[in-house]
Structure formats: C-alpha cells, structure tokens
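In the part that follows, the structures are each spelled out as structure tokens.
The same chain A turns up in both complexes below, where it pairs with chain B and then with chain C.
Let's turn to the complex of A and B:
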C-alpha cells in the first residue's frame, strides 16, 4: 500500500515525474433523500402482493456509503420460490399467454411511463442502496430502464416479424437472477423482453441491492399488471439455486460471475430449460498513437471508473501503443486527480461507494497481489470518507499478461496498463483472455478500426467511445463471458421458441 | 489374358479407411481398429478407432484452421461448399452403393438420401453470404452513433454426428462450416464408411485442411474429451441418444461455457431452420460516434 497517497483537499501532489493538479473545491450538492420512503421491512412480491417468507428469515440491506441499515428484507426459501413459480405458471396459463401481444405491450408501455414519472425516486433509491453516483443513476440507469421497457413494449405485437419463425411462442416461466451493479437496469433487461414475448417471471435481485426491485413491484401494482406475471423473491445464493433447479421453470436468465454461470449451466444440463448467461469480462481498451488523446483519456476514465468499475464490460485492461504510453499515462493521471470520490447522492460525485465490504475486500486483495507480482500501483491524492466502503481510482503500470490483475476480473476502479507496438500485437494481447464481452479501440484511422473490430473476440466493440448502452443494441459475450444477447431484436430470441 | 478373363479373375483393390485430420488421412495414433460389417453382417472394413490423442490433434488442427477459414470471404466459403456438392454429385453412385451396403437401403431410398445430402450442401452454401444479413443489421440507438450487429463464428465446434450416415452427417456439418467455424466430427459409429468417403470429397473440393476433421470410432469414448476440451467453443450433441450421456456431456461442456446444441428429434429430409447455424454464431455489435 506504499504508493497510496491520501491527502486532504485541493493540493498539488508530485508523483514520480508527473505533476497532478487536484480539482477545484466544490460545495456539496446533495440530492434530497426526501423523495424516497424506505420501509423498515419488505416481504416477497408473489402473485401481485407482498407476503412474508414462510421460513421467517430475513437479511439486512445497508447503504454502502454509510453502512447504515436501510431495511430488513425477507429471505425466500424453497417453499417461497415454489409459491412464486406457481403464481407465475398460473398467470402464464390463465392470463398472460392468452392475452394479445398488443395488450401485453400496453402494460409494458404503462410500466415505462410510470418509471419515467418516478424516475427521481428510483435514482435516489438506487444510489442509496447501491452506492453509485446520483449523476449515473439519474442520467444513465433509470432513463435506460424506461427506454428498455418502451422498446420491448413495441415488440409484443410484432413478434412474428422478428425473424424467429412465422409463429414464435413464449417459453413459459422465466427464472431470472440479476447482479448488484446495475440493479434496476438489469431487472429491465430481464423482465421487459420476457414479458413482451409472453412469458411470466420470477426474478431474484442481488442480496445487497433489493430495494429498487421491490419498488418496481409497486410499479407493477400501479400498472395493474395481472398478479403473478412478475414475482420478485429476495435472497442470496440458495434462493437463486431454488429458482434454477425448480422443475417448472422453463428458462433461466442470469447476469453475474462466470463461476456462478458455469454452475448454472451444469445444473440445467440434461433438462429442457433454455438459458442465457451474461458473465464476467476483462476488456481491452486499445489506444493507438494516432488517437485523439483527450477523448481517449475520457474514454479510459469512463471505461474503468464508471460505476466504480463494477461493470462486467469495464475497460479494465488499457492497451496503449508504446510510442504514446508516457503521454497518455500522464494525461490520464492528471484527469484521475480531478475525479471526486464520495457521497453517492452528491451531484458532483464521480465515483461512489464500493457496493459491499465483501467486494471491497476482493478489490483490495487483487490490488495487493498486483503489487506483490511486481506491477506499479498509483492512485491520485484522494480523500476517502471515514465510514462506508471506498476504494480510490487506481492504475497499475508494468503489468504483464501473466499477472493476475491482467487476467482476473477485479470488478472495481482498478486499471491494468499494458503496452503494445503493432496492431497485430494489440489484437493478440486483447484476445489473450478466456473472457470476450467487450473491447475498445481508439484511433483516427477508419480502416484500422474495422480491421481491429473484426479481429477482437468480443460481443461489443466500442470504437472512439466506451460503455454505451441502448435498448436497441444487442449486448453479450463470446467465450467464457457467456451466451445469448440482451437488447435489440436479438434479445427476443432468449424468450421465444 | 482376354478382356473377359481379366474381369472374372481380378481381385478388388480394397481401401484402408483412416481418419481425416488436418487435411490428411492418418491412422489412429493408438493403432486400434474396429470391424464394420455390412447390413447382412458380412465384413466390410477395419475402421480406424480414434483415441483421445486423435481427438486432441483434431482440435488443434481445427483451431489452426479457424483464422484462415473464418477470415475468408463468405462468397469464397460459399463456392467451396458448392464445390463439395459438385464433387459429391460426380461420386453419387459410390455414395448410393455405400448406403445400400451399410444400411441395407433400397436403391430408391439410397438415391433419395444421396440427393438430399448433395442438395443440403447447396442450401448451406447459399447461406454462407446471407446469414449476416438475416441475423445482423443496423441498430437505431438513441444517440449520434453508428451501431451495427453482425454474426461471427464461435470457433471450434465438436459434433457428434447422428445415425443417418450421409444426410445426417451433412446436415450437422455443413451449417457449422458455412458460417466460418471449424469442426471436429465424430462420425456415426455404426456406419462410418460413407463419412470417410465424404472426407475424401471434402479433401478434393478446395476445403482447407483442418476445417473439417473426421473421427471414426466410439462416440462414448471420444465425445467426453471433446466436451471437456478447453479449446473447443461449442458442441452439437445431435448423435447422442442416451439422455444420461447427453446430460453428462452438457455438464462437462459448461467448464468453458461451450455453446451446446442438445439432441432433439428432427426430420432430416425437411428444410432445416436456422438454428444449426445460429447456435454456433456470436453476435458482435460495433459502436462508433457520428460527427464531423
């Protein structure tokens, strides 16, 4: 930890040969919490109602930025999951599969509109429960959620034109398990296409971020969505396992770690269950010598520090051409010194809290391993709050392909910097990973972009941009980043037969 | 010797049936063979019985061929698949005879299946440069970006071919390579002869070595090594009839998250759907900002 510099306020810090200028002082500009009403406890949302768990167990969800307990959350056991699947099956058989696509679509349009109406509430609640900066939950997560429902609403009565056969049919009950990094957005990616295609769902939000999913349950009530079409069961791994192994679940959709994805793929082997998996990544963000450096630096920062680096498609490996490596790194360090780490509800905050103590421990461990393996660690002067879970934006230089920080997903604000000389070497290094979710290319040369893009084994390639998401744009991985696509016309395939 | 004496007394030159790996026809490194009889139980051939090592060699050759094959233009791949159909057509009498011999089919049925197998190559040849337009396209994102999705081959695909020794084999093989994948195929254990004849056709149709690698022997023995191989990207279990074995292979394939096609009943003579291609395709989406 020797290289970690912690200073107070806006000073100039000398680090190696690089002089970094810390940012201006800003007065705090916190978003009001008054718009959200967090209850002291939440039940499970089954068949259109909130019910207690039959086992009576519960867990706490906390604010990662303050460690305050936000609410007690019911923990769904096997019997609860069974009740949710039964409710979903009933709703599927009696109501949802019989309803015309046009009518299903209207429910989804309603949901999209209600989310827009309650956008501020969702954004604040997401930032409180997840720790992400309000500017991201407000400007990225929640608007994209509404857009996603709006997009798939329009597909519900056009499925026969979607290219999946002349008479596509829903699968039945979808079991969906989502992660904590984009809690509401991942819910939208799962629920919107499932419902549009005529399936009903049992969804489990992550145990550290259940609140926006439970608020979404209220949206379903406000929209008069028929009971049982959406069921939300809260809990940890065992609850997820109960969903995956339930014999009446026709489809499993999972976003999360590659290890859990592997376990799910094994668990459903030999069944008729359809599965889509959106798993880990270790994306290369490749900067060529002719790139627009200022834009590239913004892209690097966005690629790895957006959402605290809790992004499966994060640009966690910077591949920079040797001839411009010093210049890019110097500008990157200068830019990193202006990043504001702190209160997620402050509108000036760039980097919020790490989602959990467990995740913080993992980021710390891998960062320490990075140092032990000989990479050089650097963070800007950065004052971290006394309570909550925090990690400063960090880069490692002198990283080789064999280093664990170059191979394993850290899922935090930690960038590994690797250099290359030729485009072919960049491709070789970028593809040297079992993952294949995303990649970035920064160059002014169009032919090189297309040459690179065709050789990178990754599901999403951002050229002269990074971390863009849109409901119409298919997202998903190659190789061990999973299979299936979410978003766009392609996203329908996972929910049709 | 008169002409007629020669025909009466001549001893046939029989063929040694070997594996097809990397464009060559090697014997199994294990030195093993297994006996294949015709439909009446009469000895037909000593077939090479592929081993784990042969399967691994085949994967290595398939991986080596992937960059070149997937990098060819779709038009070029289409022409090569069509060339396979052309060369098959020229040897159709041999295929028909082999089907009758191996499976005891009637002459009419053998003709039907050989015709269907040739036509299936033609069908998939045509798909090679069309699948991207059908499954890809422009995505109208809400912002100033060019955004485009296109399919790409998954990589090296292992295939357990079904019983139909010719049409079944072509039906699982052609869609996988039409889109740019390379493959390792375990031929039907019961009727491997037409598979090796097909390999001879592919070897003389400008198909680069290693794009298709064909193993004969026991699927029960070889398939688990392919299912667990970490450099195989997908597996087609069509030829696995035992549900427990299919489950075990699928579970094993999860180790590196292979794309899996489960066995399912199908009518081989019917026009296929696209899923034999799309199961082993990845969608790549590329973004670029628009501006001046």
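Let's turn to the complex of A and C:
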C-alpha cells in the first residue's frame, strides 16, 4: 500500500479557490464549573444528616487534572461506621422493610428524576473529581445512573414476580464499597437494587472520588428519603474494613481490585453475611478477519481508551487474527492519532486524567515492564498537560501470553496486542487468564459469534460492540473477576432471600 | 501505488471479478457506524474554530436549484448570490458552484462569467436515471457544451440493486468520457440503496470508474444525506487513497440546512478522511437553504447579534 498522495490533477485549478488556511483547530470548549458548588469540607451522611466524624480526622480530595485540592473530607472511623450501621438498621426495621414496594418505588423514581434534573451538576462534579472527560460523564455515566434508578424503581412492587420465590424478603443492612472509576454509576448499581428490594445501605465511596456520592446524599434529602435508608461514610481502607467486619451488616457488596476482594472474602468467611464481588479483568477483544473493520477499530478504541482504561471490563487484550493484524493495527494507529487528551471539562476531550498519582505510577511501572520484556510500545504524538496525572494512549505489539502486560490488569489506557490464527486458538487465548469479566467478538458471521460466546469464560460477551451498559443487562464475572451479578433481574437476587 | 491500481484494474475486468471485489470489501456494522457518526456529532466547535468552519462551509456550497419551475431569472439571481453571498460584507467568500439543470447552464454562465464560481449541471436523466445510455450521454454533452464545469450524474440504482455492477461501472466510465474536461460527480441516491454495505460498495465502484466526486443524493428522495452515510463514504475515499494514491471528493446533498449540521460534517471530514479533504476541491455541500443559515451565523459571529432572515437575500 502506497502512502504517497497524488492529486488527481486539475481539480484545484478549476475551482480557483484560494489556498487553505491553517486547518481545523478546535478552539477550547470548556463546560462551565459555575454549576457546581464544592464546599470546603464535607461530613459523613448518617441518618439523613451530615455529621462530623467522631475521630475528627479528614483527608483531601483533589482534581487529578490539576492537582488542585477540592475539599476536606471527613474520615469515618469504627465508631462512625457503627453509627451508620445502627441508623441503617433502625431505618430498616422501623420504616423501609415495612413500606410497600410501590411506596419504595416512588422514592426511587423521585431520586431518578432529581438526578436527571441535576444531571449537568453531577457530570461536571464527576469530571472534576475523577478526571474523566465531560463527554463521558455527561453522555454515559449520569444518564446510565438515572436509568438504573428508573429500572429498579420499576421492580420494587413486582418482586414476587422476579423469579426468586413467591414472597422474597430483603436481607437487611447492606454494606457497599465502591471504586473510583465510575463513582456515581457504581453507587447507582449498588444502591438502586438494594433499596428496591427493601434493604437499607451504608456505602463507602472511594477516597479519591467522594464528591458525587456526597452530592447524592443531598439528593436523598431533597427526595425526603426516610433518614437512615442511605448512609454514606467516607474514608479509605480502614473505613471499608469496618463496614465489612461490622457484625450487624447482612450483606457486603464490593466493586474494586481482586486483592481487596480476596481480603473481603476471607474476612466474612464463616459469617452469615452474603457477598457479591465485582473485581478485575483482562478482557480479550477478539477481531476476526471478516470483521466490519472500521467499527472494530472504534470498538478497540472504545474498549481500552474509554474512561482512560479505568474500566474493570476494559478490552485490554486485543486478540487480532494474524491475516489482518497489520491492517487493523495501521487503522488503529491512525485512529489513535485523532484522540484528544487533556482538560476533562473540555467538551472535545476524548481522554482525561489518570485518577491518582498512585494509579499513574502503577500504569507507568507495568508499561516499563512491558518494554523490558521486549514488547514494542507505541503512542501517537500527544502533548500532555504540565500539571495533574496523565498517560498517553498506548499500545504494545509483539506481546506474548507470557508477558506480564498480557496477564495483569493495568487499569489504564494501555492495550496489549496478541495475534491468533484460528477461532479455537482465539478462545484458548481469551480464556487463558485468571480473570473472566468480559470479552468482545468482531465478525460479520453470526454463527461464529454464537460459537465463540458459548465457549468464552466471561460474564459479558459483546458482539460487534464493546463497553455497552444497560440497567436491564446483568453484569459480573467468572473466576477472579468475582461472583454474583449486578443489573437486570439477576441483580435483584443479591439483595433478596 | 501501481500494484494497487493494477489490482483494481483486474477487479473491473469482468462482472464476476467486480462482484467478487465489491463483496470482498469489509462489511459495515450499522449500529457501530451510526454510533461513531453520533459521537463525532457531539464535538463542540466554538469561537475561532466556528469562524473557520463557517467560512469553509460557505466555500464548499454547491448552491442548488433543481425545480421544474426554474427559469432564467431564478438562475441568474441564484448565480449572483453564489458570487456574493453577503452583499453587505466583501470579505464573505463565494460558494464553490451553482448546481442547475443542463438547460440552465447557459444562463448561469452569463452571470457567473469567470468569477471562479463553477457551474455544476445534473445530467443522465436526473433524478431517476431511467433512460437509455445514449440519451444520458447526450444529456451530458449538452451540459458540457453549454459550459458546465462539473457534471452531477446519477447511477442506475436498478442495475446496482439487481447486481449488474459492471453495467453501472461501464455507464460511469462512458459518462466520464463524455465529460471531457468537466469534473464528474457520481450520485448514488443512498436513500434508495439503503444499506451501508451498498454505500461502501458503490463508493468503490464509482471511484474505480473514474469519479472525481462521490455524492450521496439527488435531494429528491428521503432520506437524503445523513451523517452515517457520509461517514462510510469518507472512509471509502480515505481507503481508496491508501491503495491508489488518488484523492476523490465527497458531496453530501439534500437535507443539510443548518450551520450546526454543516459543522458536524466538517468535523467528520477532519477526523475520518483527514484535513486534506477540508477544501472545496474535495468536499462540497449540495444545498439551497444552508447558505443563508451560514450567513446568519457568520454575521452573528462578527457583530455579536442575530439578524432576522429579511437581512439576507432569498436567492
């Protein structure tokens, strides 16, 4: 394939147009911050009110794109968690478990509507605190959050028809611990089904991204949700441990790293607590030679660069059929050169900031290991801002299954490219990982999609698309990617007995 | 490059070879293509970028009148507007061309002279394309003799949909020969071809037959131009250049009425085909009402105020 550009000749002369100017440089298009009102400090949300932590400790949350300190956040200690669990228990016994499903549904519908009304506020706040581009928080995170509340609001008065027995009951108090990659969306995944089923919750947002959860607490007040039904305690690992080990917590729901998930499973072993874990992944995005190639390239980009690759189901391993590998990579590189990295609040930003210095260090370390192990690293030319935490979109070619970058979750915008020859080999390689959260298949051949999907050991298999989320669809993993399902009718099971 | 061209020559050596080639092109996933087009549509083009885009869009307009009721007076007025879209502002660029029926070319030429605004004529039994080949070619010759710089032909959609690809190919080759020095735009009427796979195949077919431009629609069939259809065509011209080294232009036509829409197309040109296509030589808008919206936005950018529609000429 020749790259030389030859004009077809006389066209330019014919229109007689003057020569073209500098080019189409998109001017800055920042979303205004004026809509959010970030307070200088935040307390804990217990029993319907914001209260100080009894220990008086606090931590700072910063904007990962500027390193600017956004607010001081109260750190919940054991006593605070205990107060939150007691509030949740009281609300459960006195109010929430006695309320009819239809009434609970009304509250959830109200919350969903308020989130829609305040969508821009949530989106801007999420992008500031998390670093993700506004186009994603605005077009993906917040609309999906509202959709989750609407969806589970609809289940609240229909639980006896959900297929989990004639008269399913709530579990009680749910302790929920969520990660920093989709702060508000993970909150919705946890809180919406729990409340719909009649449970009350104590939720801990991640320490680097507490702000939208605290804004959600305000929404609970605005919706007149009975005090104690939702409690939000901020803090780091020890706060999470206090929730997990609290004797009056009936159910633990966790989304995060496999290491922490393993620790939680150990901590609750031998107790009556039920648990769902949604952990890491190293998903294979499998591109066959008969794929719709332009859409496959979009799917690869969306699979690994969506949300800076901070996605547990990210398509971080590209398995591409050897016969088209060169062509697909050439197209992928050309496409990557158009990705715009920078200010998360700019409406044209495709890739925002890495969420924390710690995560950036981990991405850098694994990328360096990739190079040391002999894989070839490539990023498009792109200028990164001077402040904040940034990593360019990166692909590694020449990766083999023995490389650490092909096995470990990087949780960043880093793609490992591996080739295969036959469908059977693609299945083998895709399944050859301790994880099993998601997979993608790209082919125009419907029968192959079905053949592959039945053999892939992954909780979600996308065909000719990737990273599509819908509240009606269950989500969860095989093997070290966790257990239990969230979303859809299946998601109710985790909160019913 | 030569190997690319010669393999394409093989592809058009017989009906069977052409069918194999076109059906061997990668498929287009409808959901994915529409998602990509919608995603590009969310780009936010403001201030200096918007000024640039609006002036570029004006320079890309093929100002069009294709009505049974067209008269010399209407065409003269349209031509005057094409030369000087905003009489109040001498810095406003002229449009790329006017687009008229062949019998109106002479009247357009009287007004346009050597102003730099091209004259495009629709031909080959526009808009249906249902006529014998010699009649289509005579239609083209008429327009060329009357002074048309560009010929907008329609393909035989019936032949394409029934799989007679070589027939469509040979007709384009014949029309291109009849064009002489005039540039050839090939209209697919994508609203009738319907699938994106068809759009990709017909794009390659027309490019291999020598089209200078590939164009979505006549404007007489709904849907006319859409963002996803144009996306698929932009991918085709990009890929064709990779193989042959030759650039082919793209013209969405019909249904593009607002500056906002036009800017979405320009974003798509920029990010899919690449900045080389950001020129009236390689991208056009077939439109009639779009121009006035561009002028209103242009005036607003310069003055900070919106003017009413009466401050812009009807044609």
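One rule holds in what follows: the second predicted complex is superposed on the first by the 473 of 497 C-alpha atoms of A that agree within 3 Å, B and C clash if a C-alpha of one lies under 4 Å from a C-alpha of the other, contacts with A are read in each partner's own complex, and residues count from 1 in each chain.
Here is the rule we use: a contact is a pair of C-beta atoms (placed from the backbone, for glycine too) under 8 Å apart; a residue touches a chain by one contact, two chains touch by 3 or more.
Here the structure is a predicted model, which is why all the values come from computation and not from measurement.
Undergrad: Should A:476 be classified as contacting the first partner (chain B), the second (chain C), both, or neither?
TA: The answer is first: A:476 touches chain B but not chain C.
Undergrad: Determine, under the contact definition given at the top, whether A:57 touches first (chain B), second (chain C), both, or neither.
TA: So A:57 meets neither chain B nor chain C here.
Undergrad: Is A:100 in contact with chain B, with chain C, with both, or with neither (first, second, both, neither)?
TA: neither
Undergrad: Going by the contact rule set out at the top, does A:400 touch chain B (first), chain C (second), both, or neither?
TA: neither
Undergrad: By the touch definition at the top of the document, which applies to A:465: first (chain B), second (chain C), both, or neither?
TA: Both chain B and chain C are touched by A:465.
Undergrad: Tell me which partner A:323 touches in the superposition: chain B (first), chain C (second), both or neither.
TA: After superposing on A, A:323 lies clear of both chain B and chain C.
Undergrad: Based on the superposed arrangement, let me know which partner A:422 touches: chain B (first), chain C (second), both, or neither?
TA: In the superposed model, A:422 contacts neither chain B nor chain C.
Undergrad: Need the overlap of the two footprints on chain A, from chain B and from chain C, as residue ranges.
TA: 464-465
Undergrad: Name, in rising order, each residue of chain C that touches chain A in their complex.
TA: 1, 4, 26-29, 31-33, 35-36, 42-50, 52-53, 56, 59, 96-97, 116, 118, 149, 181, 183, 212, 235, 241-249, 266-267, 270-271, 275-276, 278-282
Undergrad: Could you please specify the touching residues of chain B with respect to chain A in the complex?
TA: Answer in residue numbers: 134-135, 137, 139-143, 145, 147, 149, 154, 233, 243-244, 246-248, 250-251, 253-257, 259, 273, 278, 282-289.
Undergrad: Within the complex, which stretch of chain A touches chain B?
TA: Interface residues on chain A, with respect to chain B: 147, 163, 165, 258, 261-262, 265-266, 269-270, 277, 279, 434, 436, 449, 453, 458-465, 468, 470, 472-476, 478-480, 482-483, 485, 488-490, 493.
Undergrad: For the complex, which residues does chain A have touching chain C?
TA: Spelled out, the residues of chain A in touch with chain C are 1-8, 10-12, 14-17, 20-29, 135, 139, 290-295, 298-299, 338, 347-348, 444, 464-465.
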